[in-house]
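In the part that follows, the structures are each spelled out as structure tokens.
You will see two complexes here that share chain A, one where it goes with chain B and one where it goes with chain C.
So, the complex of A and B:
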């Protein structure tokens, strides 16, 4: 609409009283078809299916996912707005927490919270006259290779993430080496692993070594989900990663700000993802400073 | 780079989050939108496109959220309304 001149400022909004209403329970009931009889119930069941298959095909599992969950919690501990701000988490805490659907434990699951989030998009020409440093959209890509998890052949990758990322990088005219940080849709820890794997940051099965040593946490060489993400900040679908990327680019993130404050690279280019269904649909967006 | 054909995020809106009882989903949309508009430093009348993110079903005591409903309560008349639902 902006391109066609129909709009000057586009508002993108999300809001949900997920924790304090019966909405999610209604959704779970709607999800439950014949397969619920066999134990496939809700989104956690679907992602647990995919994660279990991945454990069969390559080296992954709780010893990989604990790094993702703990690193994001460390970011949340720097973010006063995060739901998990005052709740630190160790590897032991992670490994001793209860399963929701094996192999996914409670801290492998995103939060259920009340709240809302919105962003506004405008042309760069208009953005230059506004208050904040613009978070410029450098590239976009989308790929939606399946409709239902039961008909999906890509539970363990490559998902739509691979093509979506290639498209976004191509439009931006950059390579993966130019990325300073990532904000990855993290409905589950496994989603973060698989997305970064499909984006080419590491080969299947190499996630455990890639994530270990705090790669994605404060002070790490590739910060991921710096608000705490959906695992530890709050869940607003794709607007959790997108809004955090914009705030980091703008330089408004306080104690968790990328750059000297957190001994990380300056966030000149941030890769952002969203996916839907059980890994059926994927969007990739690259935001940057210019 | 063509600035008329290049786009950017210019404002972000937050709300209280976590356990915030007694609130409708609509009220969170409205608060986030109002805060994003203030944050960008523009007026609500400047908004001429509204996209409500894909969402979960409404609770039993609330109607399904549509972009029209959000626009109506914000008091705006965008040229473009859209919703991506899953």
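So, the complex of A and C:
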């Protein structure tokens, strides 16, 4: 639409009083349909089924997911806007927290919060004249296997993430090795593991060793969800990862800014993911500096 | 005692399945064209898109594909059951269905565990297929 001159600016916005109203709960209860007959509700249950099957098929579980939850909390502790800004979390804190739907604990779940987020898309020509350096869309990919959880054969991968990422990388003309950081849709810790696994950062079952040692946290070699993400900053659907990627590329992230401030690589290229349903839909976006 | 949990919403697609359950039978559609046995009920076969089918009765034996243990009751009717097990059971005939595993402590459930159907008579008209270790 922008290229065709049909519009000059596109606003992508999200706002929800999910915490102070019952609308999110009502929506998730409606999603349950007849699954409610067996006491199966919401998103946590569906992802718990997926995560449990993954624990059966390859090496994963709390010892992998604790690295994801703790690293993202460390990023949130650098982000004054994060819901969990002043709440540090250790591995012991994670492992001693209560189960919601086992194997998922409370800190494996994204936050429920009020708030909103918005991104404006403009032509590169226009964006060059703006105050901040533009975050340029280098590639996009989408793949939607869209199979309901009981009939799905992809709860443990590969989800739509693999093809979506291949398409986005191909359009951008880059390889995975060119990526400096990732902003991954993190409704649950397991989603982060499975998305990065499907993107090819590690083989199934190698997540625990890949994440350990702070790989994705401040100072890590592959920063992931640098605002704290949906687990520790705030849940704004796909706009949590997308807005953070744009802000990092623009250099507007203060204490959590990628580069020398956090002993990480300069964010020249950031991979962003979005995911819908119970691992049913996936989109991938690559943003970069030019 | 009054049944306090949600009940299935019967429609023209799933009526045969739930009527089977009332008779303690698990009924599934078998495609007359390609032989695929499908669930949930649907107008066309998801494999070959043909319409003709016949109802078959499952032996009610399968294995746990995956499961989750609920430690939170999102509906008051399940409060007394905590912790309870929701599972996807894969039947010998092929279909997978969402159900509960009963008759064994949650910590003894595992993926691939053999199970067999047991019936929970919720109301005079509705019986729910649940599974216990075989």
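Going forward, the second predicted complex is superposed on the first by the 288 of 290 C-alpha atoms of A that agree within 3 Å, B and C clash if a C-alpha of one lies under 4 Å from a C-alpha of the other, contacts with A are read in each partner's own complex, and residues count from 1 in each chain.
One rule holds for everything that comes next: contacts are C-beta pairs under 8 Å (C-beta built on N, C-alpha and C of every residue); 3 or more make two chains touch, one makes a residue touch a chain.
Since we're looking at a predicted model, the values are computed, not measured.
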Combined model on chain A: chain C and chain B, fit or clash: fit
Most chain A residues touched (candidates chain B, chain C): B
A:236 touches, of chain B and chain C: first, second, both or neither? first
Contacts of A:34 with chain B and chain C, given as first, second, both or neither: second
Which of chain B and chain C A:56 touches, first, second, both or neither: second
First (chain B), second (chain C), both or neither touched by A:114: first
Inter-chain angle, chain B to chain C through the CA centre of chain A, in degrees rounded to a multiple of 10: 100
First, second, both or neither for A:101, with chain B first and chain C second: second
Chain B versus chain C as contact partner of A:14, first or second or both or neither: first
Superposed arrangement (fit on chain A Cα atoms) - minimum chain B/chain C Cα distance in Å: 17
Contact residues of chain A, present in both the chain B and the chain C interface: none
Residue ranges of chain C touching chain A (in the complex, touch as defined): 5-9, 14, 65-75, 77-78, 81, 83-84, 86-88, 96-100, 106, 110-112, 128, 130
Chain A residues touching chain B - in the complex, by the definition given at the top: 1-3, 6-24, 26-27, 30, 81, 83, 113-128, 130-132, 134-137, 234, 236-239, 242-243, 246-247, 249-250, 276-277, 281, 287, 290
Chain A contact footprint on chain B (complex, rising order): 1, 3-33, 35-37, 39-42, 46-62, 65, 70, 78-80, 86
Chain C contact footprint on chain A (complex, rising order): 29, 33-42, 45, 48-50, 52-53, 56, 98-104, 149-151, 155
